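Down below are the structures I want you to see.
Next, two complexes with chain A in common: one pairs it with chain B, the other with chain C.
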Partner chain A sequence: MLLRYVNLWFSLAKFSLLGELAFRGNFLIKIFVELLWLGILLLFNYTIFQQTTSIADWNAQQYFFFIGCYFAMGGLIEMLFLDNCNQFADLVRSGDLDFFLLRPIDEQFLVSCKHVDWSCAPNILLGAVIMSLALWQIGWTFDTIQVGIFLVLFASGAALAYGFLLILMSASVWLMRNQSLFEMWWLFTTLMRYPSEIFKGPWAQPTGWFFFFVIPIMLVTNVPARVMVRPLLEPWLACYAIAAAIVVVAASRYIFRAALQHYRSASS
Partner chain B sequence: MPIIEANGLSKTYRVYQKQEGLFGALVGLFSREYKDVVAVDNVSFTIEPGEIVGFLGPNGAGKTTTLKMLAGLIYPTSGSATVLGHVPWEREDAFRRRFSLVMGQKNQLWWDLPAADSFQLHREIYSLPSDQFDATLSELTELFGVKDLTSQPVRELSLGERMKMELIAALLHQPQLLLLDEPTIGLDVIAQVTIQKCLRDYNAARGVTVLLTSHYMRDVEALCKRVLVITHGKLVYDGSLAGIVDRFGNEKLVKLQFDGDDSPADVATFGEVTSREGPIVELKVDRARVPEVLAAILQRYTVADISINEPPLDRMIAKVFEQGTV
Partner chain C sequence: MMKYLKILHISLTERLAYRADFFLTTFFRFLPLVTTFLLWEAIYAGAPKADDGAETTIVGFTRDKMIAYLLLVQISRMFSSMPGLATGIAHDIRDGNLKKYLLQPIDMLWYLLSYRGAHKIAYIATTALPYGILFFLFRDVFDLPGPWTWLAYFLSLILAFLIGFFFEACIGIAGFWLLEVTSFMYIVNIFTFFVSGQLFPLELLGEYPYLTAALEVLPFQYLAYFPAMVFLEKRQGTELIVGLLIEFAWAIGLLVFCRWLYHVGLRHYSAYGG
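What follows is the complex of A and B.
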């Protein structure tokens, strides 16, 4: 069963690549824009670290590791899910969702994985390079267990982000036009971009707490980044990140299935 | 055992009633009125294996909604149905492997890739063994006459070629039931006839059951012995196509070509004139009065040619739609 889905995903990925390569110019421009975006992000933070030695107790090397982690995570989400989730409202409004529901395969898998955005794949690689460089500057020595925990927490973060995307996407069935709610995703990515410790002060602290524990979007990059570059990671935080991912993914599946029950299909 | 068994299927949509103008739109932000629209009302029928059944009705009659309930895409408000022994809206994989839905107005192939790539993906989704897939694909591309076109990007195919590819994709997993929603819409007559022939041949070869909606009576006449007629969500006729002709064909079209350059001025006294061009006149006459009318005309005028025809089927069907009953 799992093998069937893995094979199918590879086929979808292959046909997505063929589709993107059919429009080579667009594909190359997208990669260039992503590189530009990373360059500006690095330059911006480099400039800040010319003025200070740390941001919320994160020194420059730790912070650059965080940026690499964020960039790789963003690249992974964009590559695998973002485009598919973005298109869902159009599928609902046009009735084209019909064809995905007719296939003898899990609808959630097909809808959320049908297209792989290969132009975002270099982001994952670049994120990994930045993380490696930051670790090298820190003088990190290879630790298999630490890397293993990082990979598990990175996967949990990706699952958590996927769950939130799926919930936002499912709302399209009720709202039809869903751009406003989908803007929430960009708020979420902004929150994922910074270490949670920067939320200090009477207003910022409760906000940070809210997005760490109630809508735990800040766990997505904070927890995996911490485990690699911050000396003290409370074990409960890692467990909490994994548990949150499981709960959000399960909830998102429940909401997606409930949404499909309310699907009206557009008139032909 | 019937392939499709629908019992009292109904579907009601709650539709927002938008008020006119800017003020109405602002009011709608705070208070909205909804209306229940009955799309399908207590529809029951059965379809036996191997049948090709036409599903007719004017726009908005409930044909596509019924088809979508039978395909499991939407849930009925009330009633029950089994399709191939399954409750369709439970969408079990075992059910979805055994039927196909093709909508003439929608494209399910990958637009920028050759149809062959979409067919390969189809093979993966349906877990079709390679040898079975190759044999079926070869048979279908031969049948539809598109063997040389499968490696061309779908967006570069003509509408007719695209519809053939859609049908091939729908038949690759050898479904037992084919739900077709206006498969020939927008196609020229040649493409329509080709698709009709392919469907007829495929039905004869494989015994696939077909439920077809179409606004083209030529499709229905060419393919269906039995029709279901639905208007305002209600099923008003379930029977043979000939039955509609018998019941509604209470008039005949009498075409006369008079001697000379013009037709007589009082020809309208013999029946309703449906067309008049020089010496050629077409009259609509009650079936029972045809001999009497012809005798009277022949007694009074010299007629060069006569033909007597049934009114076109689409006119009869339009009458059924208007009256809402047969």
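What follows is the complex of A and C.
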């Protein structure tokens, strides 16, 4: 069963790549846009660290590792899911979702994994390069267990982000115009762009706590980044990040199915 | 004139039809602002302290002035950002829908200007409460300026709206010659986000003199940075008047260029599809 889905995903990924390569110019421009965004992100943070020695107790190297982790995570989500989820409301509105529901395959898989946006793949690589450079500057020595834990937490962070994206996508059926999801997601992911330690102060601390424990979007990049560059990672936090990913993915599936219940195939 | 006012009214009604979407997006739009404030709090907390115990400043901005600046660029962008304008024009050209403007006694650019004006009014009216609360919460970071500065600020915002509109319209009109402007718009948006001073005050780029010299003569700073600096009274006297005149010149220059480009583009237009 699982193998069937893996094979199907590889076929879809191959088909997506062929589609991208048919419009090479557009593909290259999309990669250029991502490079430009990364350049601005790095320039911004480099400029900031000319003025300060640390940001919320993260020194420059640690902070650049965090940025690399965020960029790789963002690239992974955009590559695998964002474009697909962005089209969901349009599928509902046009009635084209019928074609997905009639196929003998899980609807969630087909809706959220149909297309792979290969232009975002370099982001994962570039994120990894920034993380490696930051580790090199810190003087990090290779530790297999640490890397293993990082990869598990990175995967759980990706699962968590996927769950939230799916919930937002499903909610778009009731709440939003279909063009809003992309912007909503971008705004929502602001919360995973910075270390959670910046949430200091009488009103910021409860807000940070809320987005760490109740709607745990901040776990997505904070936990994997911490395990590599911060002196101490509490084991409970790693376990909590994994448990949160499982709960959010399960909840997102439930909400997605509830959204399908509301689908009336009106336009087909 | 009356027909463009009618368009303004209809667009306003249309904009408020999607209320849930509108309020949810507005709420979400505050998230980056909140995290940006917290980031700058953390930056100031980590910055080297002055020996004489004076308040920490970064490129001449105290922590309060920086927060005020970041709030004010939101107001600037509220006026100057034009989401979907360029791609909308380019799609109309590509799909042949531009015919609707040519067959009716209506000018596309003035129509779109009215339409955008309505969107801005609706947006400002509906976000007045949350922004009002936000500004009230941060009232201590502001020193309220005098009436002349208010007037100059208001003028700079109106001109920012015109510059933003005609700049994006020019890119959309390039659709007469280019098949697709979406990817180009992504590049422009990211570039504008940086060079308009939306991310941080342009003084922070001081160590790149060629870049700051280039930004001085380009229109991008008027989209976010300049109006904020006017309100903070960091542009005063001759510097303020010269700045407003240059902003006005850019608005007129872009209007003339946009109309000329549209005129030339129409000669290329074949009205396929639609």
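In the analysis below, the second predicted complex is superposed on the first by the 255 of 268 C-alpha atoms of A that agree within 3 Å, B and C clash if a C-alpha of one lies under 4 Å from a C-alpha of the other, contacts with A are read in each partner's own complex, and residues count from 1 in each chain.
Criterion: a contact is a pair of C-beta atoms (placed from the backbone, for glycine too) under 8 Å apart; a residue touches a chain by one contact, two chains touch by 3 or more.
Not measured: the values here are computed from a predicted model.
> Superposed on chain A, are chain B and chain C clashing or fitting side by side?
These partners fit in the superposed model.
> Does chain B (first) or chain C (second) touch A:I105, or do both, or does neither?
So A:I105 only meets chain B here.
> Based on the superposed arrangement, let me know which partner A:R264 touches: chain B (first), chain C (second), both, or neither?
Touch status of A:R264: first partner only.
> Taking the superposition on A as described, I'd like to know which of chain B and chain C A:D143 touches: first, second, both or neither.
Touch status of A:D143: no partner.
> According to the stated criteria, A:I40 is in contact with first (chain B), second (chain C), both, or neither; which is it?
Only chain C; A:I40 stays clear of chain B.
> Contacts for A:S11 in the overlay, against chain B (first) and chain C (second): which applies, first, second, both or neither?
first
> Should A:Y194 be classified as contacting the first partner (chain B), the second (chain C), both, or neither?
A:Y194 contacts chain C only, not chain B.
> Once both structures sit on chain A, report the angle chain B, chain A, chain C from C-alpha centres, rounded to the nearest 10 degrees.
So the C-alpha centres give an angle of 90 degrees.
> Identify the partner contact of A:G95: answer first if only chain B is touched, second if only chain C is, both if each is, neither if none is.
first
> Under the stated touch criterion, name the partner, chain B or chain C, that contacts more residues in chain A.
Residues of chain A touched, chain B against chain C: more for C.
> After the two structures are laid over each other on chain A, how near do the C-alpha atoms of chain B and chain C get, in Å?
After superposing on chain A, chain B and chain C come no closer than 6 Å at C-alpha.
> Using the touch definition from the top, list the residues of chain C that touch chain A in their complex.
Contacts found on chain C: 18, 20-21, 24-25, 28-29, 31-32, 34-35, 38-39, 41-48, 58-59, 180, 183-184, 186-187, 190-191, 193-194, 199-200, 204-205, 207.
> Applying the document's contact rule, which stretches of chain A touch chain B when the two form their complex?
Touch residues, chain A against chain B: 4, 7-8, 11-12, 15, 18-19, 22-23, 95-96, 98-99, 101-105, 107, 110, 261, 263-265, 267-268.
> Which residues, counting only chain B, touch chain A once they are in their complex?
So the residues of chain B in touch with chain A come to 13, 64, 68, 71-75, 91, 93-94, 96-97, 100-101, 103, 105-106, 108, 110, 112-113, 117, 120-121, 124-127, 153, 181-182.
> Along chain A, where are the residues that touch chain C in the complex?
26, 29-30, 32-33, 36-37, 40, 43-44, 47-48, 50-56, 174-177, 180, 183-184, 187-188, 190-191, 193-194, 197-201, 204, 207
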